[in-house]
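We call the chains A, B, C, D and E, going by the order they appear; numbering starts again at 1 in every chain.
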Amino acid sequence: MISDRTRTSLEREIRSNTVATIGVALLLSMLLMAVFAPVLAPHDPTDQDSSRNHQPPLFFGGEESETTRMIDGEIRTVTESNAGTLAHPLGTDSNGRDVLSRTIYGARTSIIVAFSAMAVSLVVGTTVGMVSGYYAGRTDSVLMRFVDIVLAFPALLITLAMIGILGNITVTVPDPLVASGLVSDRPTHAVIPVTITLAISSVVWVWIARVARGEAIAAKNEEYVMAARTMGMSNLGIIRKHVLPNSITPILVLATIQVASIIIIESSLSFLGFSGTTLSWGYDIAAGRDYLATSWWLSTVPGLFIVVTVVGINLLGDLLRDALDPGIQRGGL
Amino acid sequence: MSNEPAPVPQDSPGRTAPDRGPSAPLLRVDGLQKHYVDDQGLADWLLSNDPGRVRAVDDVSFDLYRGETLGIVGESGCGKSTLARTILGLHEPTAGRVEFTGTDVHEQVATDRKRFARRAQIVFQDPSSCLDPRMTLREIVREPLDIHQVGAKSHRNETVADLVERVGLSTDHLERYASEFSGGQRQRIGIARALALDPELIVLDEPTSALDVSVQAQILTLLADLQAEFDLTYLFISHDLSVVRYLCDRVVVMYLGRVAELGPVDRVFEDPSHPYTRILLESTPGRGARAGDRKAATTDIPSPRNPPSGCRFHTRCPVVVPPETYGAAFERDAWPGILEYSRQVRAGRFDADALATLADRHGVDPEDEVALERAIRDRCSIPQPLTDEIAEDLLGASLAALVSGDTETALAMLEADFASPCAATAPPFVEVGSEHRAACLRACEQDGER
Amino acid sequence: MTESIISVRDLTTRFFTDAGQVNAVSGVSFDLYGGEVLAVVGESGSGKSVTGRSLMDLIEPPGAIVDGELWFHSPELAADLTDHPDAVDGDFVDVRAVSPAVRRSLCGTEFGMIFQDPGAAFNPSLTVGEQIAEAVECNARLARGETYGLSNLLRDVLSPASSFVSPESFERAVDLLERVDIPDPAARADEYPHQFSGGMLQRAMIAQALAADPTVLIADEPTTGLDVTIQAGIIELLDELRIDTGASILLITHNLGVVADIADRTAVMYAGEFVEVGPTDRVFDHPANPYTEGLLGSLPTFDDPNAPITPIPGNVPNLLAHEMPPGCSFAPRCPAATDECTATDPELEPVATDSSHRVACIHADIAADAGSSSLADSTLRPIDTPAPERGDVAYE
Amino acid sequence: MRYVGGGAVAGTVLLAGCAGSEDGGDDTGGSSDTGSTGGSGGSSSLSEIEIILSSTGADTVDPHQSAGIPASSVTTNSYEGLLTRDPTGEVVPALATDWYRVEPGQYRFELREGVQWHEGGELTAEDVQYSIRRIIDDDVDITSDRQGHVIGIEDVEIVDDYTVDLVSDGLNTAIVTSAASYLGIMVLNKEWVESNDLETVSTEMNGTGPYRLVEFVEEEYAVFEPFEEYWGEPPAFEQVTYTGITESSTRVNQLLAGEVQLIETLPPADVSRVADHADLSVTSRPSSRVIHGVMDVTVEPWDSKEFRQAMNYAVNNEEYIENVMQGFGTVSSQPALPEMFGYNPDLDPYPYDPERAADLVDESGHAGVEIELSFGVGRMLLDTEFVTAVAGYIDDLPNVTCTVNELDLSTFGTLWSTNHDPDQMDFFAVGYGHPSYDASQTFQAIVLSERVGRFGKVESDARDDIQNLVDQAARTEDRDDREALLQDAAVIAQEEAVWLFLHQQESVYGIDDAFDWTPRNDELMTTAGSRPAE
Amino acid sequence: MKDELVFLGRRLAQGVVVVWGVVTTVFLFRVISPTNPAQLMAPDDATPELIQQIEQDLGLTEPVLNQYVYYLSGVLQGDLGFSYMTNTPVLRRIMFALPGTLELAAAALVFAVLASIPLGILSAMYRGSRIDSTSNLVSLGGVSTPNFWLAIMMVLLVSVQLGVLPTSGRPIGLVDALTLLVFQADPNGLTSWVAHMILPTIALGTYFMALLFRLTRNGVLEELGKEYVLAARGKGLPESLLMYRYVLRNSLTPVVTVTGLQLGGLIGGSVVVESVFAWPGLGTLFIRSLNVSDWPMMQGILILVGAGYVLTNITVDFVNAKLNPQVELA
């Protein structure tokens, strides 16, 4: 799929761009984290022990601090000291669950949603874009007006509306790493939030379709497509053999960049309480809001992981764009 | 778009030269039209943003015989590429028909493109666009074989190797991607691909215009060799007269979508009958030609979207036919001056400021209308007075209007009184010599005289 | 006609790209005489356009002029620059050695540039008249010694009444448009570049180049992309202007026909070097370099359709330093190449029969005293001689 | 006939629950004050106050269209009932000055004379009659959300301009409750209601109360100004604003910033920030809401008494209240709250005994079962946290897997009160409040009711026993005997594990020291009786 | 002039088609949503008969096509229906929420534009300098940080730790604040408005700032490499004038376009930001309505925002065509 020249320019880009390389490394580690969450997470992310709750991250806390408790119907101020421990390097939440483990598992949700939404969008968007751009004419007009309609709504609003329509659909699949017996004491099943995946796809395919259409139009006017037509190749054959392969690079670059948008939308939805699973970054950020004054790490840590992931994707996207396709435009939220 | 009927004599079999072998043309183009998509319905108007952009072709007819090379020359916007693609069935014609060995190409394409594809192929202009950059040399040349399932699969690679060697490329490079070849090499690949199906006709759409001269020469010689070897018929599209002259037997000169002149290359280029062909020849660099009366023709080409009425070349033509109302001497004495005068009026060269400057230059009082009129006549070299009295009166009225500042009236009068038949009538296509035809009123006159 | 206006010595321009160093121009030396048309002809990638841009100091990163002198005949400036002995030689000033400000003012006034693609060389959001007027205005202000500061900018930007371009300059711009035969110039001056056809825009480009009454016009492929009839008009216009204004024209083109029509002298460029320089008829009739010969042989000759064409085998090399062939860069394609050719890189030497005709080929018939004319010790002794008066020469 | 949005199912029930319908109820809820009192030197001229509700703002200002606490907190500023209660729950006169039973089935209220409507005119018996009919009679104007809160009244008879008789079909002990409850009879101006369209009645007010409405945006805020011709004690504030903010940290921050004077549901994590503030205090009172887990006994494993008991043994209430809720709750042992009439003080909560729980699960034959604990987010103090904790305890049992199913309020409300499909939700945590403070109502409404609870869905001996005891109590005149009957019912309820008994939560308020306000047992955030601090 | 009218007419007609599509889509949302409004509107213990009665009264028993016609004609008359929850007109609530969102979006836009464009120009002019690399880093962070998290972090730092700015709420609208200032010479309203605007504005505007920064920087860089800039330099145009007339003006065209078109994105982003700052706007209203399945409200908001977007789009196109001589009005 990638020609030698593309590969060399990519290699050169990677070599010459240390910042981007760091970004790619960050992203890769996030991916690894998501895939090997059961192995990497020190604890079961749902395992709770309220006696050790609100433990700060390692190297934080330790000094005496005042908290309020109600004891025998009286509100009393008590002095407590709570120091971070190695067992919970990023602290614990209000139910004593390990923040690090939850965040590692949260990466899973974000990445599963991002990748599956992008996969759905790529299939739908590329198909529509190819058909629209290649056949042009009335097919194109109608499809593109439909695209305009979807684009008239802010992405987040339409995603939310889709959630309202779809309700909360989730699919639970056994975690292969746990099933294989590699690790125990971890959740045996992973929850795939189908609703938000579909809801996000309902917007993202449009972004893909627009780019795919543009690429299809450009490719269609290339002389080699004309040549294929004069050779008697069928339209579908031309799309499959010429138009699609020559359009796919910019589409994939856009897709890479848009994965960042998807992760931000996904975390926004979870933040607003529409995640479908409680193991997600946005959900934990929202849960931590109530403890901002006392347990700052609850909202801070998952947010940092989002930023790191999205920075990684954006750097990778910039890198790909510079290496493969200097002309591509960034789509907005 | 004018649609007055113009007599279009057919290039009938009876007129073919004996050396052309079988009498039926390989390809016959008959009254072919391809227009802009302007007629959109309301739904389209609401739904879409821009109409398609196609260079128009209007009422083009010619025949192409087996084994010959027919050149199509013209400047940008003349519709030569549209013509080529319409002939190959890539565009649907608005009117007229294209016959390939007697059958309608567009019917054939609609039912079975493949069959037609095996007989007619195309080589494109742009070496950077004509090959799929994601395919290797082998894949590109093999593609037509695969589509048509030519021979056994195992044999196809051999066929590919033969073709590749035949066009002068090394079989060592079979696995290289298109982007790794130079422009000339890519054109060779394009030719190999076109040859793969062993077609009878190859349309060459400016195959060398993007190449450097040294490489162009390579391709031209290759094309000539291949034609001899494979008994090919070429439809060669170009804007370069030298190349056309080198490669072609006959040539069609096109201007703004219409055929201006058609005939054997030598005759057309040595004795052009259409003023446009003449201008084109004179403009060809490196022939030591110097500016003569072609100045008006060398500034601008009208938009093919909105072509001029009558003879489409009349706006640039140095030998526009004068109105018939005036005396015989009118053309020689007065007509060039009046043409120049009307051009300058149309170009706004006689607005108030310009008149003041003119007066100043001629040392006359800007208020003195008579002197000013004289100055204008001087500048346009209009004799004083014209020999034809009626013409003199009419011109005088226009000049008076101009000098009094009413440019529009002046122009309107000119257009009414000194309208050239060229602007009104599309010239018919007439025989000017053996197999040599041109669409020009002047040619008609000669025709009539003969 | 006999006075050298520009003397270029050893001009070397390189581009430092990701793919490696590109030797676009490698040690080019030539003289341009007053009122002549010197054509620099070559195939794509020969470095001819970069040569032109180097003269105009328009090389942008990643490119740079790494070496060379550009001596310009300007007695006034030479007198002003007495404190820069390095940059002055008699009436000549080395444009490469003066301060950027002086260089810029020189380029803007004495050199006019005509770009290959006028569509790209005009700002799409300003009218053509305005842009030409700007050039006029810049020249006028320079002549008046005015500077343009931030306060001027603010006033021009913020006040609708204030404008950089004075009405006089605009009128002059209209005159210039008329001068280049644009019909209805006053109206067209208010139009935007996209409303012009290619030929018209090229004429406007020429008008802009004329704004400062330049001594030298550098025309970079001025007719590429234009239809032949329009091309003929532009070439005529250039010829007319040369005669009217006495400006010298450095015509950069790949079109040998155009060269034959208008150029007094012709320089043939190949792979970043001049391989042959001489009076046009000499070069066309008696090419001394196999490349020139091959180039001429590649062209179908119009008036002799039966003459065979003999292509040069192979392809134009790209200019990447590490991919350049050793020795003579044409050697790999040259029918006459010998082992010696790959060993030495030939210098331009006068041919034996005509000292105004120089060639870089070891197999050429070089004048006997060649070799002593090396540039090392020469100051500004012209290395070229002007072409004799020529009649209409066709190259066939 | 006009239909009226009852507010979301979730809105009504979860916000407040249904009010009980019987008079009385012990008031034992001690309020506690803490925090610095050093800020008493603050502004004494507090004239404008803003009160923040922890829900959205009132969805309507037509009291008959809503039976929720937040809306009532707003509407009671303008509309009044015949009677009302003081902060401790004592019934006191309002628009009626005297009330007595004329005969069984006929209760007489003598109206206050000279009561002015905000938009002019005097209150008459016709208004009272119309208002009550508007609630109980579907054919009068609207189908009211309050029908369930005005029980047993069949009609209203006008005796004279200032006297009305409420007619019921028997000895109706609930009449006074209905008359005094803020979820019961509220009196509207007949002529005004009839001459305005429903949208006006929903968004504007013409009442008799101390404050009149200036501006109102449904679900957002309501602004009041004093009504100078108020019959009672003159209103103390120049302006009263009610705003709904569901996000707790936002409420806290606004209080800390001095932008508002009183906030509801101060989360424990922020208590110290408010308490430490020089000008603010924290005040609390045990809530009238029983937080419990409902188990749908129509399906497995909940039909098993052992399994239900196992759940109760599995949860360490003490621990989660202590740690997760920072002590802001009390373990509950039975359906009734300690403040209620009929509470059985002798019952101890289920002890935390995971082994016993595991054994019981085995006994029930449901070992290895996977269950899901659902709840609707946002209505209970620290709901996510404690539900997570509870599910965690159950999940810790070796033979039960328990996960949390977090639902938005709409979905939860639909599943709970309109769609009783156990396949979708058979085990859920909910908070249910009873301002009536009578255990019989708790039993009736949430243990036995098919609609709200789930225990009553299936015939069983235990259900019949409880039902009998409650019925018997209703017929019993003697207070102590009645109490004993209800306490017996509590014993059965505990033994049967009709619920997963969780806790009684604490209503915690943050308050500006310049604002003298006492939390009420019924959680109403009314301005009645409050004034600038001395 | 005629061209302009035709252009405008055509774009408006196309806009009407899109808006019609928006309304239709939104109508379909309600139809396919699983919510039964009658159940929502009925009292808790409503009988099935009552629910059926309500369904009938709401017209839900009619064929979908009839419902569609009613809805469409309602929308055409400016009637967006009644909220299921409060039974009051949807428009009334939207009109209350609209100023909050518009003020926030406008402020965020202004912030984004003012911060990004000068920085983008500087960055491009001094490419590779410290200011360039710093700005690039900030912009990378800007496009990578979810606005709600940024908001929370700002609340944590600015309000909780430093205690300087109010963290939430919109106690006063701009119009009221200005009225207060003008008619009562009371600046407190405006001060309060500004104070409450700061954090939400930054939270919402940062992403767009970063986006516009990148656009500006790339635009200026691209423009600097254009041949006509070289040509202008060649003719001796003063550098400052060149920067303004040749580089800035042309490179800002896409920036202006994107700025206009990002309004939709700003409104989408404000959904989350509003929720963090308890900002009474369309976003909070939408979320609240979603939580209780109040479809008429959601439909109303979607139609309003969608139509607004289409209108903005047309305006931007038109203005662009007027400003940019290359764009033909056809």
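Please note the rule applied: a contact is a pair of C-beta atoms (placed from the backbone, for glycine too) under 8 Å apart; a residue touches a chain by one contact, two chains touch by 3 or more.
Source: prediction; values computed, not measured.
Participant: Going by the stated contact rule, which chains contact chain A and chain D alike?
Facilitator: E
Participant: When you check each chain against chain D and chain E, which touch both of them?
Facilitator: Neighbours common to chain D and chain E are A.
Participant: Which chain would you call central, comparing Cα centres to the global Cα centre?
Facilitator: Closest to the centre of all protein C-alpha atoms: chain E.
Participant: Give the chain pair, either B-C or C-E, that is connected by more C-beta contacts.
Facilitator: Result: the pair with more contacts is B-C.
Participant: Among all other chains, pick the one whose mean CA position is farthest from the mean CA position of chain C.
Facilitator: D
Participant: Compute the distance, rounded to whole Å, between the mean C-alpha positions of chain B and chain E.
Facilitator: Averaging C-alpha atoms per chain gives centres 53 Å apart.
Participant: Centre to centre, by mean C-alpha position, how many angstrom separate chain B and chain D?
Facilitator: Inter-chain centre distance comes to 89 Å.
Participant: Let me have the rounded angstrom distance from the C-alpha centre of chain B over to the C-alpha centre of chain C, please.
Facilitator: Each chain's C-alpha centroid was found; their separation is 33 Å.
Participant: Centre to centre, by mean C-alpha position, how many angstrom separate chain A and chain E?
Facilitator: The computed centroid separation for chain A versus chain E comes out at 23 Å.
Participant: At least two other chains touched by the same residue of chain C: list those residues.
Facilitator: Residue numbers touching two or more other chains: none in chain C.
Participant: Going by the touch rule set out above, which residues of chain A reach two or more other chains?
Facilitator: Residues 145, 167, 289, 292-293.
Participant: Please set out, as single numbers or ranges, the residues of chain B touching at least two other chains.
Facilitator: 47, in rising order.
Participant: In their complex, what parts of chain E are in touch with chain A?
Facilitator: 14, 17-19, 21-22, 25, 29, 32-35, 140-141, 143-149, 152-153, 155-156, 160, 207, 211, 214, 258, 261-262, 264-265, 267-269, 271-272, 275-276, 286-287, 290, 293, 295, 298, 301-302, 305-307, 309-310
Participant: Tell me, which parts of chain E touch chain D in their complex?
Facilitator: Against chain D, the touching part of chain E is residues 39-46, 50, 53-54, 57, 83-89, 92-93, 96, 155, 159, 166-169, 171, 275, 277-278, 280, 288, 291-293.
Participant: Using the touch definition up top, name the residues of chain E that touch chain C in the complex.
Facilitator: That would be residues 225-228, 230-238, 240-241, 244-246, 249-250, 253, 324-326 of chain E.
Participant: Any idea which chain A residues touch chain E in the complex?
Facilitator: Interface residues on chain A, with respect to chain E: 145-146, 148-158, 160-161, 163-165, 167, 260, 264, 267-268, 271-272, 282, 285, 289, 292-293, 296, 299-300, 303, 306-307, 310-311, 314-315, 330, 332-333.
Participant: Spell out the residues on chain A that touch chain B in their complex, using ranges where they run on.
Facilitator: My answer: residues 3-5, 136, 138, 140-142, 144-145, 222-224, 226-233, 237, 241-242, 245-246.
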